[in-house]
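Two complexes are shown next, each including chain A; its partner changes from chain B in the first to chain C in the second.
The block that comes next holds the complex of A and B.
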């Protein structure tokens, strides 16, 4: 049962990933990408990591894709189609993809993966405690660094968004 | 429940385990589709009746007793209608868009505990999953607006995106405020905590503030008046679904009402104790849980309809100012106050 679900998900993801890069309409590519991301969320659900799956849905499917769609809406018209790439570029991309895939498959087939016997669902509580604990194995430092990074990004966005207005106000003060 | 247990055993005795579980899933999905359709249709009727009442009219009263079959007739008409669309639309996305909206709504509805046992999918991240799912629904609206190749639809879709992304924050934060008291995201756990008093009573002042913010943001998320800029008739025709007709239009229309039901159900579950009866008066008849759940949900839906027929529409800048300058700071402050309250043990418990 789980195997079947996995193969269905994998098929959807591969097909839409290829469709995403080969489609000539920009918004369609974005939607195929959305299917790939939802597929990843499906895989997380399959391995019983619900929290990560929901994060995947909110952040990638709900957040980033919506932003991408927004930018497409602003710059792109429905009748426009993307240009076809030159043949030499196509060949180059194909070769680099094949090298990447080869490396990937080589690692997967040579590495000796261990099957985890006692799989259990990670609860939100455990994640929260892990994030905020300062004992060994705690993630308090990365957590704080990320929050400062986000704060900086937000302030930066406000500065860019306000632009001229902000400096003008400063002058009057 | 007993019936479902019997069906479950009967199915597993009839066929191998894998097929039986698939058949069971399909059956559950069909049942939920039924609930979905009936709820959607009758909410439309309720909306029209309430609107008529607020405007001193009679409302639909011809088809069936007191107009009870009116929306059924409307649905039949929409099903039999010809599907028209524009030639220059992006056909693939144009046809895909309604399904985004309707599937996310259907997925969300499976989480609610209608009674202790009547719950299809009790996932341990319950509320977070609901928020995640509802953030995908807006993609359907954006797609519909863009692929219609119509400027009104496009403007409607843009507004919808802006609105939903902004107000999602408030919905999430106000629910987070309540989660502080339950200590769990799982919906069945949240209801369990409320056996010692509904959360809105347990959390008193911050909980009431959270509820008010949740109702405002929830109304905005469902794109209903006074936040219906997405389909502001006087400026945009019908907004993002201008180019849709027949059943595809009906999908959007139904999804809007189901989303209202979902927002009200979340409020019922998180603030008003879901299927729990007031003061536990019918605690030994678990089946009455459905009744209490629906009563509370309908009361909140009525409140949302009341908003719609009372308040004038906001301008888009007012809408954004309301969210970012008032609701969000208020919400963050409320979250801290609630955290302090839980820490100091100031909640009321029976």
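The block that comes next holds the complex of A and C.
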């Protein structure tokens, strides 16, 4: 059962990803990306990391996609078609990507992973305690760094998004 | 772990997603499309962290933490990139890569 679900998810993700990088209409490309992100959340649900799946759905499907759709609608006409790369360039890039993919798969399939059979579920409590613990293996410092990064990104986005107005006010002061 | 699915199959899926992202990153001519390809690449790597955590080291949670950090960094990066793109559009009325050759003036 889980096997079938995984294969369906994988098929949806790969097809939508290809459609997303090759669609000529901007808005469709974003919606295909949404399908890929929901598929990723499905994979997280399948391997029993429910918290991560919920974060993926809220942050990506709820936040980032809406942000990108807003920027697409502010910047483009909906019906505008994108300029595409030349065919020779596309073929060259495709071939080099396939070579890279082959290299990746060769390394993965020749490596012997020591898989541990388990069916553990992770509670949100364990994740929270791990993130805030001071002991070895605790992640309190990266957690704080990430919070500073988010604050800095938020302020930076507001300043950049406001554009000229801020500098004009500086001149009058 | 997913019953009946080996770690190799998931790695195959994430590698394919990663290289589709790289293909889009190189061939697309539009800043927003490049941003979309970047999301694909980041997601593929985030799945890898989680899967390695679950299949090889189920007793620890490091992979989950790194995935959370990747998601947070991706959110910050997208917000900043969208702000930059909109500001750029105000100044030069275009978001094509070939028109974006000036930093300020």
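By our rule, the second predicted complex is superposed on the first by the 157 of 173 C-alpha atoms of A that agree within 3 Å, B and C clash if a C-alpha of one lies under 4 Å from a C-alpha of the other, contacts with A are read in each partner's own complex, and residues count from 1 in each chain.
The rule we apply is simple: a residue touches a chain if its C-beta (ideal position, glycine included) is under 8 Å from a C-beta of that chain, and two chains touch if they have at least 3 such contacts.
Quick caveat: nothing in here was measured; it's all calculated off a predicted structure.
Visitor: Evaluate whether chain B and chain C can sit on chain A together after superposition, giving fit or clash.
Guide: Once both complexes are aligned on chain A, chain B and chain C fit side by side.
Visitor: Is A:156 touching the first partner chain B, the second partner chain C, both, or neither of them?
Guide: second
Visitor: Among the partners chain B and chain C, which is in contact with a greater number of residues of chain A?
Guide: Looking at chain B versus chain C, the one contacting more residues of chain A is C.
Visitor: Where does A:105 make contact in the superposed view: on chain B (first), on chain C (second), on both, or on neither?
Guide: second
Visitor: Going by the contact rule set out at the top, does A:121 touch chain B (first), chain C (second), both, or neither?
Guide: first
Visitor: Does the superposition put A:14 against chain B (first), chain C (second), both, or neither?
Guide: second
Visitor: Please work out whether A:25 is in contact with chain B alone, chain C alone, both, or neither, and reply first, second, both or neither.
Guide: First partner only, chain B.
Visitor: Name the contact category of A:34: first (chain B only), second (chain C only), both, or neither.
Guide: first
Visitor: Once the shared chain is lined up, is A:62 touching chain B (first), chain C (second), both, or neither of them?
Guide: first
Visitor: Quote the smallest CA-to-CA distance from chain B to chain C in the superposed model, rounded to whole Å.
Guide: When the complexes share the chain A frame, the smallest chain B-chain C C-alpha distance is 13 Å.
Visitor: Would you please give the residues of chain A that touch chain B in one complex and also touch chain C in the other complex?
Guide: Looking at chain A, the two contact sets intersect at 1, 51, 55, 63, 70, 72.
Visitor: Can you check the complex and tell me which residues of chain B touch chain A?
Guide: My answer: residues 18, 21, 88-90, 92-93, 96, 123-125, 128-129, 131-133, 135-136, 138-139, 142-143, 145-147, 149, 154, 157-158, 161, 165, 168, 183-185.
Visitor: Taking the complex as given, what residues does chain A use to touch chain B?
Guide: Chain A reaches chain B through residues 1, 25, 27-28, 31, 34, 38, 50-51, 54-55, 57-58, 61-63, 65-66, 69-70, 72-73, 78-79, 121, 123-125.
Visitor: Mind pulling up the chain A residues that touch chain C in the complex?
Guide: That would be residues 1-3, 6, 10, 13-14, 17-18, 20-22, 26, 29-30, 33, 36-37, 40, 43-44, 46-49, 51-52, 55-56, 59-60, 63-64, 67-68, 70-72, 74-75, 82-85, 89-90, 93-94, 97-98, 100-101, 104-105, 108-109, 113-120, 122, 126-127, 130-131, 137, 139, 142, 146, 149-150, 153-154, 156-158, 160-161, 163-164 of chain A.
Visitor: Please name which positions on chain C make contact with chain A in the complex.
Guide: 1-13, 15-24, 26-30, 32-33, 35-37, 39-40, 43, 46-47, 50-51, 54-58, 60-62, 64-65, 67-69, 71-80, 82-87, 89-90, 95-96
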